[in-house]
Every structure is written in structure tokens, then in C-alpha cells.
Amino acid sequence: MIVVTSNKTSQERINEIVRYIEKHGLSAHVSMGEDRTVIGIVGKFDSQLAEHLRQMSGVEQVVRISKSYKMASREFHPADTVIKIKGVEIGGSELVIMGGPCAVETPEQIDEIARLVKLAGGQVLRGGAFKPRTGPYSFQGIGTEGLKWMKDAGEKHGLLTITEVMTPEYVDICAEYADILQVGTRNMQNFDLLRKLGTIQTPVLLKRGFSSTYDEFLNAAEYILAGGNPNVMLCERGIRTFESYTRNTLDLAAIPVLKSLSHLPVISDPSHGTGRRELVVPMTKASVAAGCDGLIIEMHTDPDNSMTGDGVQSLFPDQFSDLLADLEKLAPLCGKTLNTRKEPILAGSWKK
Amino acid sequence: MIVVTSNKTSQERINEIVRYIEKHGLSAHVSMGEDRTVIGIVGKFDSQLAEHLRQMSGVEQVVRISKSYKMASREFHPADTVIKIKGVEIGGSELVIMGGPCAVETPEQIDEIARLVKLAGGQVLRGGAFKPRTGPYSFQGIGTEGLKWMKDAGEKHGLLTITEVMTPEYVDICAEYADILQVGTRNMQNFDLLRKLGTIQTPVLLKRGFSSTYDEFLNAAEYILAGGNPNVMLCERGIRTFESYTRNTLDLAAIPVLKSLSHLPVISDPSHGTGRRELVVPMTKASVAAGCDGLIIEMHTDPDNSMTGDGVQSLFPDQFSDLLADLEKLAPLCGKTLNTRKEPILAGSWKK
Amino acid sequence: MIVVTSNKTSQERINEIVRYIEKHGLSAHVSMGEDRTVIGIVGKFDSQLAEHLRQMSGVEQVVRISKSYKMASREFHPADTVIKIKGVEIGGSELVIMGGPCAVETPEQIDEIARLVKLAGGQVLRGGAFKPRTGPYSFQGIGTEGLKWMKDAGEKHGLLTITEVMTPEYVDICAEYADILQVGTRNMQNFDLLRKLGTIQTPVLLKRGFSSTYDEFLNAAEYILAGGNPNVMLCERGIRTFESYTRNTLDLAAIPVLKSLSHLPVISDPSHGTGRRELVVPMTKASVAAGCDGLIIEMHTDPDNSMTGDGVQSLFPDQFSDLLADLEKLAPLCGKTLNTRKEPILAGSWKK
Amino acid sequence: MIVVTSNKTSQERINEIVRYIEKHGLSAHVSMGEDRTVIGIVGKFDSQLAEHLRQMSGVEQVVRISKSYKMASREFHPADTVIKIKGVEIGGSELVIMGGPCAVETPEQIDEIARLVKLAGGQVLRGGAFKPRTGPYSFQGIGTEGLKWMKDAGEKHGLLTITEVMTPEYVDICAEYADILQVGTRNMQNFDLLRKLGTIQTPVLLKRGFSSTYDEFLNAAEYILAGGNPNVMLCERGIRTFESYTRNTLDLAAIPVLKSLSHLPVISDPSHGTGRRELVVPMTKASVAAGCDGLIIEMHTDPDNSMTGDGVQSLFPDQFSDLLADLEKLAPLCGKTLNTRKEPILAGSWKK
């Protein structure tokens, strides 16, 4: 249910409406727009209360949200959600770049990559310590120690960090070390994990299930929001289709669709979305042109020897740096800004 | 790695080979066939040991398994796996019928349905106490209490029970109450759940992810097997395609494919596989003709008022009973047997 | 639009209604059922005429068909369509088996295969003279001469013949030589071809497009029916999905769905539907259990050397013969009959 | 087969090699690059001739093309193909915009839309006179007369024209009136149509089948090229997936993939690729960022009353004009140029 106020309603009056809602045991989420203010209401609602609200001064409309998801919907929260973490704003005017290896491998590896991500102009360091793998005999990640190495690298180079969490019991430990927690594509409907993430305030990057509809995706986000954590970003990472030349089919229409159905920031993952290094550059640019708020891109100093075998989709540091320089020019045409280093990273100028 | 012995090798000699393998810190899984015996070996293998084994008397071949899954493969275990639970054999000559509601709703409901499943000739009672739901505001299941009601109903009517487990921390409690644990389609790659299920001996029915390949499916089973639980059955439950008339596309070719690639029992779920009551009967028969070892079928005494809204794919008890009577005739043409009640369940003869 | 008469309406009265309809420039299609008779009406309909019909004695209802396809729908023609060709009835109680090679190669090859199809109990000889091929450098079929060889072989051995037609201009020549014309999966929406097929009376086997919905499939059939050719059979031949182990995913639910939405006979093609010889036998049986009216199965005397490279999905003659013997037992459980030879075809008993 | 010459080989020497190839009954296609020249060879090739060519002065390499398509491949023709039509270059530095209605409806409609396409900065007028429709009772297009109206409108306003051709027998009449012939998604594998288009020189825009792989797409192009018509452009128009919110899933990775595998120009169709007006603008920009050579966009003066019902995906003229103004700024960042009108088209300034 949402309450819409006219654009002349005073802040004081809005506060009164909010207090009235809360007095009835419901919670209110205020979203200020230029023309009007929307108050989203969560909780059991009776028709008498709706009628009362409708008649309050300053209230224009009381509207029921018809979608299966509520708090994730644009109706509930018309303004864009901007997630602020240590000076980085995700969902605002900044184009946010998350870069790094598929997996944390050694302290030296993650430190060197962090240096390069920062140098190129990125804001967030990605890296997996716990890896979801198709088979039980593949490398499953370094584990907790990897989290520490990544935290150290992030702090040293002035980057936020993001890492994947796979199971409810590891949420707390991952949240201790990382600034953003990632839910992988195979776990988009791991509902107990989503519920657990709703109980904390650490921002969550939720990847779309590789065969999930937009509706299912937003309902998965709703699990986290409904639990009490408003800091959710959505990530398009490619869907499974009949085409096998690419690892997945990156569904870029998802970006404007999700931005219209929801207020949450939308991130694109062109690395998993294509599975081929040579496609990461054009698909990153296309993602920005389609209106994404940020990107998560695999970059590795020695992709041919990566421990997960995902190196085939990782950019080299010089490619990553050149790409960001291109994005710096492209972003302003798409309502975003990005500030990169002015010196390119030269091929071979890094430690493997 | 597998060791193949000739058909003249004595049991004693086979025991010696097994002891030799175990002495080197590996585990051996013996699979007796009519013509030859295959010993599957798990653990780190060095080439010198392989050479030694190759030269042992009675050994015909030492072969490396080339697939990414090992213990789930037919090469590793040529004979069909038969899972025996309190007199019911899954994967053998018996056609196993699992029937019941989507969700356990009340003690009376599950008791009445158990009575009807037994009367019709089924061997296993299905019912969910914890339900994976697309959105957080849908009915999420009765919880632990439902497990108890189902256990009581199963014991009273002489049926095994199967229920879904959604998260590692609930595995133990579910295993306490149910004879078989089900992993749902959205959790097929919930690797921490699979790992946990590998640590117990309770049989697991693993549903295929609705967009998972056969290879990914067998790798998911491998997680459980590799953990030490050999009692895994595979369940085809429909895949997601462009066709929206049916809820899913039941991929019946999966049955003979999985039976050829693996030794594990294969179950078919025509209820979720079609999402339409009128298709459950023909697709059940087609599943049996395609060679499945059993079926899991939704049946409800009052499907129009089911708590999950899945009633649209549930059979009425009389339809369920008539279907099993048909299967009794069909099964022998497909190498299986089924014994049903001789009296049909009449429409309206049950308590809603 | 359909007119429904009560079960007491006399034949004479029905004739009068039909004459009345035809007098208004429309055409009437009578479908007799046990309880009631349905008269399907084709042509521009005005509401006044509908009102008149509604008031005629013997008329129970005048109903508008809401689906986009009309003549293909069950509402328009409640009784099953049975297509009769030289003593073979497709869509009736007979299970119809169409067997033969992917492509006609030589007169000797098609003659020998015809002999084996007949010996095994089949009624129709399949074989392509014009082949749709992905690339221009692949074998494109023998051409018109192949049609003659096949006609001769069919007549000699007492089999009907079916062959693919790819373009409107070849419809007449193909119809001169073959008893049934096949529209391939890539041509399901070749609307000019469908229109041309509507102008003749030769029966048409229309294959489902490999990514077409049921609705699109029935609309394609409607093109032929609306043109004036009522002799259409529908063929499920597998759809394209993410799974690449099989060539296609044979969607067996299509069989009961199409039988319920439409009155047209439904044929299954387990050869293209799986692309693997070892899956043809189980998927043929499953097709019969799902309720199909017939099968089209690739069989070849020398599949490893077939000219199209499709041999990998062709049965050997002995497998084909054994399969039909199994179907003879299975069919009666599914409301069908099949009479096969009593002697099996022995491996190696044929000319390559 | 291709012959590669060193960058120092004189033009004269290249001519001699070409003459040598032609003397042996083969045809040679010369593609000049900065560093080297590649001569693609078509025809039956014997190993002796290959050996001779390898030893000729100026020849560096003789290489067999391993792909199933030859003339469509980058190996055969390393330089981009640029198709020149009356001063417009498709595949070169110009970003080519094709705009117009789904169907030609009246002379006035197509004239007014042509005026607006030109005014906004487009180079090509699109419009269908023959429409492929799912069902036989839908509007099938105006027919030949529509071709004339469109030709007149194109000539009057200085635009090229493109129209769809559905069957071989209409190729000649369509080529008489239109500058570019379009093959629709359902006809991508209408091989007789492709063969016919290979016999003329009119440029062809080949749309990707909605469930066709890149490999099948390039093989379809090969049919036209192999027939003798080198003027083929490829069009990505969305593929069919499980997602039903959009009409299709526009696969933008197809753009860089096709540009790398082939030398043919690549056009994007964001209208059919999304099926929703509000997604056309972001997906057009994303297409340009991904590297396309041009766009085909539906624009209509009165989309709510379009005769095909496709208006829901058509832009209004002012939206079309604003979009092109944005592309004028975006194109230079993607290696392209576009010159548009300097005055925007104002809402309501056109005739309905």
C-alpha cells in the first residue's frame, strides 16, 4: 500500500502522516520526489485505516500495489535508491566499476590487482573466497583467509570490496570482511540465504538466476527488503539460451526493464554474461548505453593461469584500463560520470 | 578410476584387491555384474599404484573415468543402484509411486491423503512442511509440526515419507522425521546443502534444476555421493522453455539418458513437469514407457482449496487410483511391477 | 462460429440448417458426436444471421470460437479427424508407423528399406528427395528422380509414401508422386507454402517449428485448413532448448495438449526429437503412452554411411522390427492397435 | 580456400595469381588489407593446385577455411564489406538508420512517414507490403500496390527503401520496387528463397531466425553469397527465450560476435527485439555501443491505430527524432558518424 501526498504538503504534515501510520503498528518508508511524496507502508493493513488515511489532509491517494513484490517496486519507492558506502554512491550519478579476479588466490595476487583496479579508476574490488562450482572436485575457493587478504588489499588501495556468500551460516563472517555481499546466480532462489541477508544492513548485490524471469528476480530482492535490509542492488549476468557460442546471453533489456519496474540500482556483469574476453569490452559499453548504474568485470594479472579456469573471460589490466578510459567519455552521454586515471596501464607493467 | 576384473576372478581374489586399495588410503566400491566385477576407487591416485593394480592377478583393466562426475557414472558402478527403505526397493523391479499433497496442511488432511495413497497402491507419502516460494508473502509451509503430522500419517498407513529440505541447518530435523529428503529444483546447485546431505545416510531425491543440463545434474548428485551418502535418486521435473501453455516442459528423454550415464534410480514428476492436471495421466504413462523407476505425483482431496495454489496440477483421489490401475498393466511391458488395490476409489468417497 | 444441435435433432433437420447456412454464402462443416452435432461455419458472419440460427428449431447454441485458429480447434470439430488414404486410417484406432531413411539415395536402397518397413509391420515409407540443409555445401537431396524411386518402392511393397516439400512451386510435382506431403520444421511458418498446400487435397504432415508454441503451430495448420485442405496431421519433432546432449528436446506433453486443443491427428518423430539412436526406442514407447496417433521413425540399412550424416539417429532394421513388436503389445493399453509380422528381422539379413 | 600474399606483393603479381586461379575454372575474390591481401577462392579445389599456388612468388600461405560457411567468413574476406546503394554506404563509417512503419497502409501514410524519417536524419524507409502473420485471418499486407507507394515516397524524400519478401516468386517484383530486400526471421532457413536471392544483385537484409545459432545464421547468409549475390547484411532482431515480459530477447552480443566471424554489415532491430516502445530508445543506444553498422526502427504517425497491431513497439516521430539526435553524439565514440536535422520534430507536428 502507498500513500501519495500532493507537492504542497509540508514536511511537518508528512511527519504527522508517518506517525499516524506507525501508531497503527505499520512501518512507513518516505520517498521524496520533485512533484509529490510517496509513503510506502509495510504491514497488515485494514480497509478502515486506508479510508482514514485517504481522508487526511495532504493525502492525494492511497493505492494498493498490484505486483507480487511490493518494497522492490517503483510504485512503493518512486525515487531511485542510492546506496552509499564509504563515499561511493551506487545508483546515483556515479558509474560504479567493480573489478578483480574470479577468485582470490594469494595475498600478492589480490594486492597487485587491487592496485591496478584503483589505478584504472575503479571503486570496488571483487574477488571470491568461496566459489560455487559445478562439480565437487573443482577448486572451491581459498576460504576465510581469502576474505582477510581481500580486506587488506581493499583498505590499502582505497577500494570497497565485494565477495560471494553461499550459505546462511557464512553471512556474518563475510559481512565482517567485505563491504558488499554477492548472491550468485545459482542462489537467487536460496530463500533461507535471502532471509538471512534481510537481517543485516550490509549491501547485497543479487545476481539474476540464469533462467529467472524479471518477476522472480524482483521477488527474490523482495525477500531481502522485506526482512529489513534496504541495500539491495540487482545484477544482470546473462541468461541461459540455446546459443552455445557465448557462455550466457547477456539480456541488456533487463537494465531498462528493471530500472522501470524497480528503484534499486542495476549492475551489469559482461564477464559471466558472455564468457569471452573479446566480448567484454563491447558489452560493457552497451551496458552503459542501456542505462546501468555500474559494472562488475573480471580482471586478472595472469588470466591463463587463474585457479578457476575462468581466465578466458578476464580482461588483462591494460584492457581494463583502456575500457575505463572509454567509459569516461561514454558515461556523460548516459547521465553518469566516471573519473579515471589519466595515464594508461601499459601491457606488461604489472606483477603476475 | 575403476578396476575391472574378469568373470572368473574369485570373491576371495576380489577381496584381496579391495584390501590392497584400502591399504593405500583409498576407498573401494565393488559392483558385481554377471560377466565382470567393477571396483570403483575414490581418492588420490598415483600412476605407480595404477600400474601395480594392472599387474595384479584377476585384474583385466584399470580405467580412468573421463567424465567430470565419477561416482555417479555408470562406468564407476555398472549395476543399477537399488535403494532399500523398510521393504521398498527404489531402482529395482518395483515401480515406486510417491503421492500426496504439495503441502501438509492439517493432521486430518495428511492422514486422509495417506489413507488414499495406500489404498490406491502407492508406497510413499509426499508432502511439504517447508515450501520454497517465489515471493516472501506466499504461504511458506507449516514448518516442523507438519513433519510430525506426516510421520504419524505415514506410520499409521504403512507408507514411507518424503519431504523437501531447503537449507543445511534443517537437514537433521527433516531426516529425523522423513524417510527420504527431497532437494527442490531451485536448490539443485545449493552446494552447501548438497555437502550436508553427503554426511548422512538418509536417501535423497534430487530434483533437476529447471535449467540444468544432464551434466550439471549428475555433478550435483556427485556432491552428495562424494560426501559419503550413496542413496541418491534423480528426479526429472520439467525444464523451462519458451512454451508457456505448460508450466514446464517435461523432458522425458532425460529418463533413458540418465539411466545410461548413471546407475542411480530415476524418478519422474509429471505434476510439476506439466502444471496441468489433465496432462498428469498421459505424462505419467509416458514416463513409465520411457523407463523411469518411480513417480512423484501430487494428489489432493480438495485441490481447489490447496494452501499453495498448486491444486491445479493435483489429481483427485479417484483419478490417482485409476491411474495406478492403468500402470499396473503398463509396468510389466516396461520391466517393472506394481500391485494396486483391486477396488477403485470412487469419486466423493473421501473426506475433504 | 459453431452451431450446436441437441442430440434429438434429426438428420433431415441438420441438413436444413446446413442448407440455410450455405444459402447465405458460408460453408458448413458437420461433425457428428454421440450426444450432439456441431456445425462449424466458415465465412463472414453477421449478427443477424447468428440470431436467426439461434432461433431455428433443433439449434441449442450458436457459439463464437475465441481462439485465433478456428477450423483447427476442437470446438469447431469435436470429433477426431481421421484421414483415410488407400485403406490406412490416420487418427483412428490404428497406430500408424512411418519408417524409412532420411534421404532417398538409390533405387536399390529405397526398395530394400521399403521391403523391411513392410515386413516389420509399418504402413508408410518415408524418404526425402529434397533436403533442407543448414549449409549450401551439404548434400541437398537427389531431387525429382528420388520421388519416382520412392513411389515405385511404395507401390511394390504396398506402402503409402511421405516426402518433404520445401517450396510452393514443388508442391504439385511432390503431390504427383507421394501420398503424404511433409512440411519441415524450418518451414512451419513458410506461409506461402502453407497457402499452396491449402489448395490441394493431398494429406499434409506439418512439423512443429523447433521453437514454435502450440498456438503458432495450430495457426500454421489453420492456414492449410482455411485454404480448403482438411487433411492435416500435426507432428511433434522436438524443440530447441539449452540442453545439447540431445539434438532437440522431444516435448511429449505436446501430444495430449494438441489432442485436446485440436481434432487433428498427432504424430511423433522420436528420431529428430532426440538425434540419438539409443533414445529412439524409449521415446517411441513414451510417445505411444502419451497418446499419439502414429510415429515417423528413421530406419536405414547402412546408417553409418547415410548421405545426410543423419544415420546416427536411424535405427537398424532389426531394431525397428523389434520396436514394432513391442508396440503391438503396448498399443492396446493406449487405445490403439498395430499388427506386425510374427517373425523378427534378424541382424544382417538385409542388403546394405 | 584462401591465398594470403605478403604486403610487398605488387598489384600486378596479384592479378597474375587471380588469372591463374580463374584459368583453372575457379573464381577469386580479392580483399586488400593494409598489411596483406587475401584472395578467397570458390570452386572445387585439388591438392595439386594448392601446392602450385603455395609455390608461386608473392604467395605467403594457402589456407583451408575450417568453418562450414566460407564466403561469409572473415578468413575469406578480412576487410569489412561495405554495401553502396545510391550514395549510402552500409558497413562503412556511416551509421545507417532505417525507419518506418511495420506495414505500408496508404499512400498518404507512407509519404508522411518518409518525410519524417528524412527530416530526422534517417537514410532508409522501411515498410512491409507483404506481411508474414501467425494466423491466416490477420491483415496480410497491402500487396504490390504498397510497393509502388513506398517507392514513390522514397524517391520523393530522397530515401532508400527496404521491404520484406516472403517467397521466391515475389523476389523479382520486390526487387523492381525496393532498394533492399528483407528476409524475415521465420524465413531465415527458407532455402529456396535464399537461393533465389543469390541470383540477383539487390542487397539483402537477412534477419536472424528467432531461435537460430550464429552458425546457422552465417550458413543462411552463405546460401545467398554462394549463389552470387555479395550484398548481404545481417540483422539481429531478438531471440526467443523463457522471458515473456519482452517479445524477444535482443542478443546484443551477436553484434561483436558476427562482426568478428564475418565481414558482413550488422544491423540491429530494437523494435522486434523488445516489442515495447519504451525499450527501443535504450536498446538502440546499446546496439550502437556494441558496434552495429545500422538500425532498423519502427516509427509510425499513429501507432495506436496501426493495421498490424505492432504499434506498441513503434516510436512516435518526435521520439524517433530525439533518439537520432542522441545517436549523433554517441556514434563518434563508437567509430561511426550520423548527421541529423538540427531542429527537433515537435510532438503533434505531423499528419496522422
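Every chain is named by a letter (A, B, C and D) in the order it is written, and numbering of its residues begins at 1.
Basically, a residue touches a chain if its C-beta (ideal position, glycine included) is under 8 Å from a C-beta of that chain, and two chains touch if they have at least 3 such contacts.
If you're wondering where the values come from, they're calculated on a predicted model, not measured in any experiment.
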Taking each chain's C-alpha mean as its centre, the one farthest from chain A: C
Interface sides of chain B and chain C: same vs different residues, half threshold: same
Expressed in whole Å, how far the mean CA point of chain B lies from that of chain C is 37
Could you tell me the distance, in whole angstrom, between the mean C-alpha positions of chain B and chain D? 51
For chain C, residues contacting two or more additional chains: 211, 215, 240-242, 244
Chain D residues within the chain A interface of the complex: 211, 213-215, 239, 241-246, 249-253, 255-257, 260, 273-274, 278-279, 282-283, 285-291, 326, 329-330, 333-334
Interface with chain A, chain B side, in the complex: residues 68-70, 132-137, 166-169, 186-187, 189-193, 195, 210-211, 215-216, 219, 222-223, 226-227, 240
Counting only contacts in the complex, chain C reaches chain A at residues 211, 240-242, 244
